[in-house]
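Notes follow the structure.
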Amino acid sequence: MLNVLLANLPLLLKGAVVTLYLSAASAALAAVIGVAVALLQLYGDPVTRAATHVYLYVMRGVPLLVLLFAMYYMLPYTGIDVGATAGGIIVIALYFGAFMAEVFRAAILSVPRGQWDAARALGMYGRLLMLIVVVPQALRIAGPPFVNTCIMLVKGTSLVSIVGLWEVTMAGRQIVERTLAPFQVFGGVAAVYFVICYCLSRYGRWLEKRVSYVH
Amino acid sequence: MVAVRGVSKWFGAHQVLKDVSLDVAAGEVVAVIGPSGSGKTTLLRCVNLLEDFQQGEIRVDGEAVGYAGAGAARRRLPERVIARTRSQVGMVFQSFNLFPHMTVLKNVMVAPVRVKKMPEAEARASAVRLLERVGLADKLDAYPARLSGGQQQRVAIARALAMQPKVILLDEITSALDPELVGEVLAVIRQLARDGMTMMIVTHEMQFAREVAQKVVFMDGGAMIEQGPPRALFADPRTERLQTFLKRFREGYQL
Amino acid sequence: MKLDFNFILRNLPTFLEGAVVTLELSALAILCSLVWGLVVVTARTAPSRALALAATGYIELVRNTPVLVQMLFIYFGSAVLGAPLSGFAAGLLAMTLQNGGYMAEIYRAGIEAVSQRQVEAGMALGMRRHEVMSIVVLPQAIRKVVPPFTNQAIVMIKDTSLVSSISVAEMTFHAKLLTDRTAAAYEVFLTLAALYLAINAIVSAALRLLERRVAIPT
């Protein structure tokens, strides 16, 4: 029964490594985008605020798959060539960056007002106040929802298989075409995602507990 | 009306009630006083079985609360029976606990209609009468969030009264109120006492306990230490623990 | 960049044909996961340890694997079993299984958000467990559930695009075909994005209206 899975394990694991790489790269980029957008949204001038608003609105309302398709069909006409993998990473990061912006924005806003007052009373202001008092606390609050968004992101990377990028889901489809054993193979693919996401969710829960100790 | 006999309760290894016995006669008002953590609120919550207890028995109007049998044969009564007992015992909470999704009138009507199966019209008439009695006839259609704490607590009292309970348990009902709102709530309780309602009151308001109760019970460390008529108890505390408690209280400690 | 609006207008019927399928699948998937989520949360909070454990395992499983892989598993799996499901049915089943898990957690959070004091107040009035649930807890929980439910509904509408990969002719599928045929990538994908934005805007506006309708007056 599981022979098919065992025989193709090396290929699946290779795919898993690509999925991990795609996830890590786009999560890192998404985090940067998220923090930047959150700060722009909170402290930017009206024009940038409006721009971030449009960005968030589009990302929340359009499916990731459509963005991926758009990227692959439209980019060739613009003359920009970033390569298929980099393109996929950028689109995933832009999409989940919007969700992370929301996470970071909420975290910054949930630092109690009294903390700002206390820092100001000590003579801090501007960047110093943000850096020493607000950001460290916001990051701690943002930890658990950030990890949750990462889980969504890892699952989201499976979509690049539809636009032709090779990772674990694509590897699974190829093996199924050859072996006609969808249960074993897609079961194995699902297991790869489950291991990654379950570890992340345990980590998120651990963070959550730590945050609640602090408060 | 209420008979508490040798009630003990443990939270794990920690004993929170130690062999407590107490009687409340029909029409009597009993005030339970004592420092925080003395078990007075726990005792009150045992009377309508919001808390389980492991030993002893409590009877309301002769009926056993929560458990039947003794010793090894002791067993918890079915939920249906416990609910029926609770429907005869009113309770008012420190934090009001009004139902936020119902109007004031609905809050007072809901239990008579749904639990006692009282006809809607009758329940409404009685609810309106009760709300008039607590001075809130003009708030029938308001939602709890619109009311002050004192008003909410008066609705909660009306809600408890609507079930025509044999006894009402009042659990520190003024502790969550701003000082200027305490008076309006206590006035309602005073009136109830004059009307002969049987009440068990856990309170921090010593002056009020002295004035409204026929009997004051002092608890400390989960045990009943002293009980007696308020005048005697306050004027001449026999135990050192009550002396210390009253002394601290007079010195204005938050107890 | 110059957009050919005539092209868009000419092909609008094709888009709308796909939109009907997208809406059908969205509505069915949302409805089914609302119901399935209720079943899962009932098991999750059941007194039986085994049942609760099974439900927790189920929720972990569906939430930690991509809905796309679940769709492929069901679509190709059903074919091997000799009872091939249509792409539409496989997509609906996968989305129901996954989002039922999310809905169960949303329900549970809603119920837990109603404070224990409310439960006690009900019990003190002599209500039995099921009466406390139906009179006191659920009416309050439902109101708390609407905002996260709105988010989940939008996620599901977007997820319907995935069934284009198991040959269901919904909006994204038609868009892809059209691009392959005409190479009018800008026109096609801007129209497609606009249609999704419009659907999601309408749905979230409607649900916000519902949220305001059921809100507890203050």
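In this document, chain identifiers A, B and C correspond to the written order of the chains, with residue numbering beginning at 1 in each.
By our rule, contacts are C-beta pairs under 8 Å (C-beta built on N, C-alpha and C of every residue); 3 or more make two chains touch, one makes a residue touch a chain.
Since this is a predicted model, take the numbers as computed values, not measurements.
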Chain centres computed over CA atoms; the one at greatest distance from subunit B is chain A
Please find which chain has its CA centre nearest to the centre of all protein CA atoms in view. C
Cα-centroid distance, subunit A relative to subunit C, in whole angstrom: 20
Note: subunit B sits from subunit A at a C-alpha centroid distance in Å of 53
Could you tell me the distance, in whole angstrom, between the mean C-alpha positions of subunit B and subunit C? 47
Touching two or more other chains in subunit A are residues none
Hey, which residues of subunit B end up touching subunit C in the complex? 48, 50, 79-80, 83-91, 93, 95, 97-101, 110-111, 114-116, 143, 145-146, 159-160, 163
Which residues of subunit A touch subunit C in the complex? 57-58, 60-66, 69-70, 73-74, 77, 151, 155-156, 158-159, 161-162, 169, 172-173, 176, 180-183, 186-187, 189-190, 193-194, 197-198, 201
Subunit C contacts subunit B in the complex at 117-118, 120-129, 131, 135-136, 139-140, 143, 216-218
Within their complex, subunit C touches subunit A through residues 60-61, 63-70, 72-73, 76-77, 79-80, 154, 158-162, 164-165, 172, 175-176, 179, 185-186, 188-189, 192-193, 196-197, 200-201
